[in-house]
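Shared chain: subunit A. Partners: subunit B in the first complex, subunit C in the second.
Showing the complex of A and B:
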């Protein structure tokens, strides 16, 4: 009978006492992320993110479908999340928990509704054919920071993904195999990053990237999604303790610094991956894509 | 300490590797990770180190991993989940069913002086009964002597999660010599602390103040996660004590 791990009274009072003394259990400072690792798979569009002990894999896939009748000029982009018992005994198969719903809603708002992916570029023939881009998020190990890690995974995977090239002659659409024509990257307008803040002791203490232990003790949370230019895409404060406006402003400033750091980290990793996979930069030379 | 051979599941174990007891009346005992296939084959079912105790005529496979399975006689750290009319239901790990801890299984307790444990209290207990398909039963008293033997509710301190192999290493009679676990001795020279190790992969540590407790906990966790050798453990101990 698996269930959520519970904290003993000893752990609760110790963690809170430590926070009052400005100490975190894992020795980080209050505004520090855990060690972030990012690896790409052999295929396009697979990103494996490790944030401390939390591990998330995102996979992007594309297929050609008919666009929605009310959006004839747009492609389709969906994000699905899956929390399976492999990550934590608290997750069950087939039953959507509140946590899973909240996660997919936040990702949806941060990435899809902020139009990070330009869906108009996914249109092949208006009203008849378009690309359906699907992002699957799989959680493999859970130690808090789920939203942040999933968002990083999806954004990195979207940047890494290449879809097959398409040519249109009248009504005929040809999808060229990956070997035939250089596959095309998705057109991303910006790269939002989620940063979650946890409030303790009535909002007096603010932590970035809480572990599972800290998440179980927090009085409130705040997720800010923003890109490296400081454009905020969403602020999610779902209940919890009331927070002063000044603290709120402070959080957005910290979030901006973190988003810039993470964006830089992702682009560095993408460059490394590109170099590793085609050392002669052949694909880059062959590509006819224009940089936006 | 002689290097023990590594075995993989299904490997044949040569008869020479089995313990040779001086007293032929003691039967050969197979511990965790080994399976007897009649008439005379002994096959490991997990990968790990083949350990032999010649005195007890016992052989088992030492491996670090997996979930804790309650076994009678193990000392564990359990969290009280709720109380029923005559026992506490305690959580040993998120994967195991609740263990029952009778109200009367404490040292020096009568029907009138039952212990009052709130949900979330931490107890150091021994598994009294663990059968398949049955909820385990635990106790905080030695039934032979009626004494607590150090078991009971733990107050203050902090709980740290470690691997099962590490908790077995810490429970050896002499961890520094048998399990090459020198980091605790190094730290104990500077920081006095109290600790209780549970077989279920939990370690409770209490020292004076938050920072000192964390030094001990981090030392154990870092040794466990990095699988550190003796010299590396000394380095970690020095670093942790310097930062204190």
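Showing the complex of A and C:
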């Protein structure tokens, strides 16, 4: 299997020298994201995110299963990330690369372990039946910023998803078809967003949302997951470079601004989508769900 | 019957890519090749073809492996593998959407016939290969045909037709009208199969005859599925060759 082609010496020194002169190769400022696009599919729970040339599709699905014996009152939520060779020939099928492991660990920490999704609300009958929500992340095009794009896709898809309504009578569970009863949105407690910083030249230069070219040159990276209220869910600092505490604090401040911007963007897109699919707001009025 | 829709070469990293939409299926295909092959899979006189089918939900299982093996043996006869010895041509097909993907009932999905998605997968693979400019010996048209209880055959059936179907057949014909794929599932008699064969052949043929008639015309309004796709491929090639016109 081919490896990701390495940058030539000329390209390396060109990019790094440009950075020293405060210029990024694509002309962005150091703390700017690439253009973000978000589209929802016809079905519930499919989000197609384009961050520059990186493209990720997240898909949420739900199924009724038996809860884990040690967590009788909780539903199950899993995130699956598999990098396919569509995105880059360097991704091999059936073998997990370090990158894939790191991606799934960070998403796990940012979304699942920060309890963005209230798993208790997924319980139908304690110890017997619960919802198994699964998020499949499909990477289609890879140009850096994988963690950020995947996180945005999963969070947007979770907000867009509707599960079928359920009614319980004693031991009997009825799952109502989507046509029969208005489907129910998932209960999300908060919406964490990942923002990745890349450090160059011994930590002196900090970039937001690096492209693949920049990612190959960086000395270290820092992924901060936080929600729009500024509550930090996780910080992952990878790579050997030492970073000063002040820079760290600075990064969290930038991350907060970015997370707020992205959260607003997602909610705007969700509203537009709702208006488009449901112009008379009929579904909202028919809904039997209680506001949290 | 719905006409397929497709877009070509819209993914940046893969050498060739295509999105194909038909009957509620949406599939993204990517082709990388010819690239370096692992020593274990290397063939001294021809290219190795690697087909990967990824389901929309979950990880691939036996169903996907079965589809992969059918597509693999088909492509082996379509791609000019002798042209690229000791290389790898990797075809990845990612299912994005299925018409009957009741998102909360994956059990039902598992029981539905794996053949239903096969024509769309084959067609996506072909478009992606064309987009990657991999030399092919021929192109093909794949179609799904069902035989209902009253022995009436339907080509490119709707979900209702599929529910009433007694047997499902997938046929693919090369541009010359040779049979490339014949996969069947369910109960049927030899008479049924012969009618299915005629129907598939007719659909594939009508496509190639229309092509002869409208050689220079990009606008194809014919009702066969090949016509719409041919127009798209033609547009893509015209776009790719534009630099040549300017040189003249």
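General remarks:
One rule holds in what follows: the second predicted complex is superposed on the first by the 290 of 292 C-alpha atoms of A that agree within 3 Å, B and C clash if a C-alpha of one lies under 4 Å from a C-alpha of the other, contacts with A are read in each partner's own complex, and residues count from 1 in each chain.
Please note the rule applied: contacts are C-beta pairs under 8 Å (C-beta built on N, C-alpha and C of every residue); 3 or more make two chains touch, one makes a residue touch a chain.
These figures come from a predicted structure and were not determined experimentally.
With subunit A as the common reference for superposition, the partners subunit B and subunit C occupy clashing space. With both structures placed on the common chain, the touch criterion links A:136 to subunit C but leaves subunit B unconnected. Once chain A of one complex is fitted onto chain A of the other, the partner contacts of A:202 are absent, as it touches neither subunit B nor subunit C. When the two structures are aligned on the shared chain, A:127 is found in touch with neither subunit B nor subunit C. Shared-chain residue A:63: touches subunit C; no touch with subunit B. Using the contact criterion defined above for the overlaid structures, shared-chain residue A:35 touches neither subunit B nor subunit C, since it reaches no partner. Once the two complexes are laid over each other on the shared chain, residue contacts for A:89 go to subunit B and to subunit C alike. Of the two partner chains placed around the shared chain by superposition, neither subunit B nor subunit C is touched by A:230. Looking at the shared chain after the overlay, A:175 reaches subunit C, while subunit B stays out of its contact range. When subunit B and subunit C are set side by side, the one touching more residues of subunit A is C.
Within subunit A, the residues touching subunit B in one complex and subunit C in the other are 1-2, 89. Contacts from subunit C toward subunit A in the complex involve residues 11-14, 17, 28-30, 32, 35-36, 38, 50, 52, 54, 56-59, 90, 92, 94, 96-97, 101, 103-106. Note for the complex: subunit B touches subunit A at residues 79, 81, 91, 94-95, 97, 118, 120-122, 154-159, 204, 210-211, 213-214, 218.
Against subunit B, the residues of subunit A that register as touching in their complex are 1-15, 17-18, 21, 23, 25, 27, 89-90.
The touching residues of subunit A, counted against subunit C in their complex, run 1-2, 41-46, 53, 55, 57, 59-64, 80, 82, 84-89, 93, 134, 136, 138, 140-143, 163-164, 175.
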